[in-house]
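Both complexes shown next keep chain A, but they swap its partner, so chain B is in the first and chain C is in the second.
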Partner chain A sequence: MKKKIIVACGGAVATSTLAAEEIKELCQENSIDLDLVQCRINEINTFIDDVDLICTTARMDQTFGNIPIVHGMPFVSGVGIEQLKDKILSILKG
Partner chain B sequence: MFTEIMQYILDLGPSVMLPIVIILFSLVLRMKIGDALKAGIHIGIGFVGIGLVVGLLTSSVGPAAQAMAERFDISLKVVDVGWPGAAPMTWASQIALVAIPIAIAVNILMLVLRLTRVVNVDIWNIWHMTFTGALVYIATDSYYLGIVGVIVHAVIAYKLGDWFAKDTKEFFELDGIAVPHGTSAYCGPIAVFVDAVIEKIPGVNKINFNAVDMQKKFGAFGEPVTVGLFMGILLGLLAGYGVKETLQLAIQTAAVMLLMPRVIKPIMDGLTPISKQARKHLQSKFGGQDFLIGLDPALLLGHSTVVSASLIFIPLSIFIAIILPGNEVLPFGDLATIGFFVAMGVAIHQGNLFRIVISGAIIIAITLWIATQMIPLTTQLAVDAGTIAADNNILVGAMDQGGSPITYLMVQLVNLKQPIGFVLIGLFYLFCLFLTWKRARRYQLSVKE
Partner chain C sequence: MNECQFLLEDNIKFKDERDALTYISEQLQQKNIVKKSHLKALIEREALFPTGIALDGYAVAIPHCEAEHAISPAIYIIRPQSPVVFNRADEDSTVEVSLIISLVVTSPEDQLNLLKALFSNLQNKEFYHFLISAEANEVAEHFKKVIINQ
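Entry: the complex of A and B
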């Protein structure tokens, strides 16, 4: 089944691109069909339909119903990437 | 022969030359030929894309702003292309070729000498330092002074990362992280100054507004496309356009808001492999507890108070632009991410919206004033990058980085044209930096105890 993931940061250019790249690779390696939306944090609501996971590089207080949100900072800083990948996989496969 | 080849390559223009440089760079970093080629092509696509969108922006908003300015006898006639416009122009400048290795070298040197704890793995934001260098180069025609501009800006940026480590850690709860560059960091010292002044005023220092969840209240009205649409309608009405032209303008401005990050994202795609390599090497040498990883201020924009402040500052910035005497820059390209200007202030003021509005208003006013002084240089940068054509008298401004005190002071320092502005902004900003340094030192001592 196709999984829809929103990757968001402040400006939808720099940090979200780094996170999106990692998520694309991760899904490819695990043969997960992926529909990835990259946007600014204040645009998340526009793309929220049928989303399986939201990944933001900024720490966000907002929630979107019961859609799981992961903090994508490890994809930018490089610290803790493996743990984050495991977490994302368990959400997508769960 | 060699100089002829070099000249030929330079004459190809940035949308061809920079991809070639990136491809060579990627091959040196031992990437596969196919991946290197892709990285290069993406960079070129980004330059083409931003040219199209800035063209749309200047051809739609430009005439409307001018009509509005004439009708009301105000001077807002130059459109702010924002960081989404300024960053690609900067990457297309000749200084950009050397800026990435120089900024990294300055960082490593400072780390080795223990002058900073910031390990900057954020390659994208080197454009801020490069912008200073590029404008110094345009102003002086000296490549070496341009490089000095990059170095000075880099040193200040890394130090700002150190000095605001308290705020990134305690307020934003980003442990082990610094946000050394970009707009948030250099605007921070001004917020430190305002905070110190307000603390001294009895009564006023008691005022505290906390952010209500404005994101929820405003809903769709806070989204960039809606902001773009309303901005277009407002501009159309003020410009005296008819209903048809106003609606057409509104859709165009909404389109610019949506398209801007999308068309320049390919530049980041092209830089990503270099980013990853730099991150890997820097972290293997400077990892662990003693260091802070330098990251993009985008990390700060998710905090609910920053979100609320951003919503307030979209209309407030336009209002300030209208009433500020002598200002010619109409905020636009930076509106969707106006939060970058106040994000560090939010932490410095501990989320107190009353203080954030005051310090933010001062930051925006200073930014607009400087951006107005920088219009000729910013326009030249855009022309050199091929973003706008040289012969049709279009002027562009950029709040983000075109309005930075650091850039302004560096340019004036090497090419003094405005002694009064230089001295006033210089003394004010140095004093703000001094307060920031003292504040950081106080924090360090309190941590040790």
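Entry: the complex of A and C
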């Protein structure tokens, strides 16, 4: 089944572009069919229908019902990247 | 697409983060790299979504704003005289940075490879130490080779 992921940051310019690219690669490697939306944090609501996972590279205090949210900063800093990938995979495959 | 320009400046003294952002934007405006609207956008963006990034034992800040305020792509590195405090992007705390890398992005898709190369290299401690300690012309040469013209 196709998984829908939102990748969001403050301006959809730098860090979320990078996180989106990493997630695309991760899903490709694991044969996960992906529908990826890249947007700004304040646009998340527009794309929220049927979302399986939200990944943000900025701080976000908001929640969206019980949709899982992961922090994508490890994709930028490299710190904790393997744990993050495992977490994303367990959410998508769960 | 315009080629990405590389700028580097050393030993600038900043009072605080806002002072640094103002300086960066003024310099970029003078060089016709960003529009007048860039200053306000950069400051607002940093306040709402800070760009201090904690790497493994060191930190950098990558102030930038939306593409609409940019005229042509650039990477502007500043090595301040003393570390500047930036808020962290991912949590409610601060980092002291000795390296500010301001990004002027005109099209995220076109500059994806550049961003990827920049961040994957920044994760490398040796690359970071080279950036903060090498002579300006060496940094410029190396940076152009591995990041801009990879």
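Here is the rule we go by: the second predicted complex is superposed on the first by the 94 of 94 C-alpha atoms of A that agree within 3 Å, B and C clash if a C-alpha of one lies under 4 Å from a C-alpha of the other, contacts with A are read in each partner's own complex, and residues count from 1 in each chain.
Rule of thumb we're sticking to: contacts are C-beta pairs under 8 Å (C-beta built on N, C-alpha and C of every residue); 3 or more make two chains touch, one makes a residue touch a chain.
Just so it is clear, the model here is predicted, and its values are computed rather than measured.
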Superposition on chain A - do chain B and chain C clash or fit: clash
Which superposed partner A:Ala58 touches (first chain B, second chain C, both, neither): both
Partner chain in contact with A:Leu18 - chain B first, chain C second, else both or neither: both
Chain B versus chain C as contact partner of A:Thr46, first or second or both or neither: first
Per-residue touch tally on chain A - higher for chain B or for chain C: B
Which superposed partner A:Asn30 touches (first chain B, second chain C, both, neither): neither
Contacts of A:Ser90 with chain B and chain C, given as first, second, both or neither: neither
Stretch of chain B penetrating chain C in the combined three-chain arrangement, among 222-230, 348-356, 402-410 or 420-428: 402-410
Residues of chain A that lie at the interface with chain B and also at the interface with chain C: 9-15, 17-18, 21, 41, 57-59, 73, 76-79
Partner chain A, residues of chain C touching it in the complex: 45, 48-50, 53-56, 62, 64-67, 88-92, 103, 105, 108-109, 112, 115-116, 119-120, 123
Of all residues in chain A, those that touch chain C in their complex: 9-15, 17-18, 21, 41, 57-59, 71, 73, 76-79
Touching residues (chain side chain A, partner chain B) in the complex: 9-18, 21, 38, 40-43, 45-46, 56-62, 73, 76-79
Chain B to chain A touching residues, read off their complex: 83-84, 87, 121-122, 124-125, 172-174, 176-177, 215, 219-220, 222-225, 261-262, 264-265, 267-269, 272, 275-276, 279-280, 283, 293, 295-304, 307, 310, 336-337, 339-340
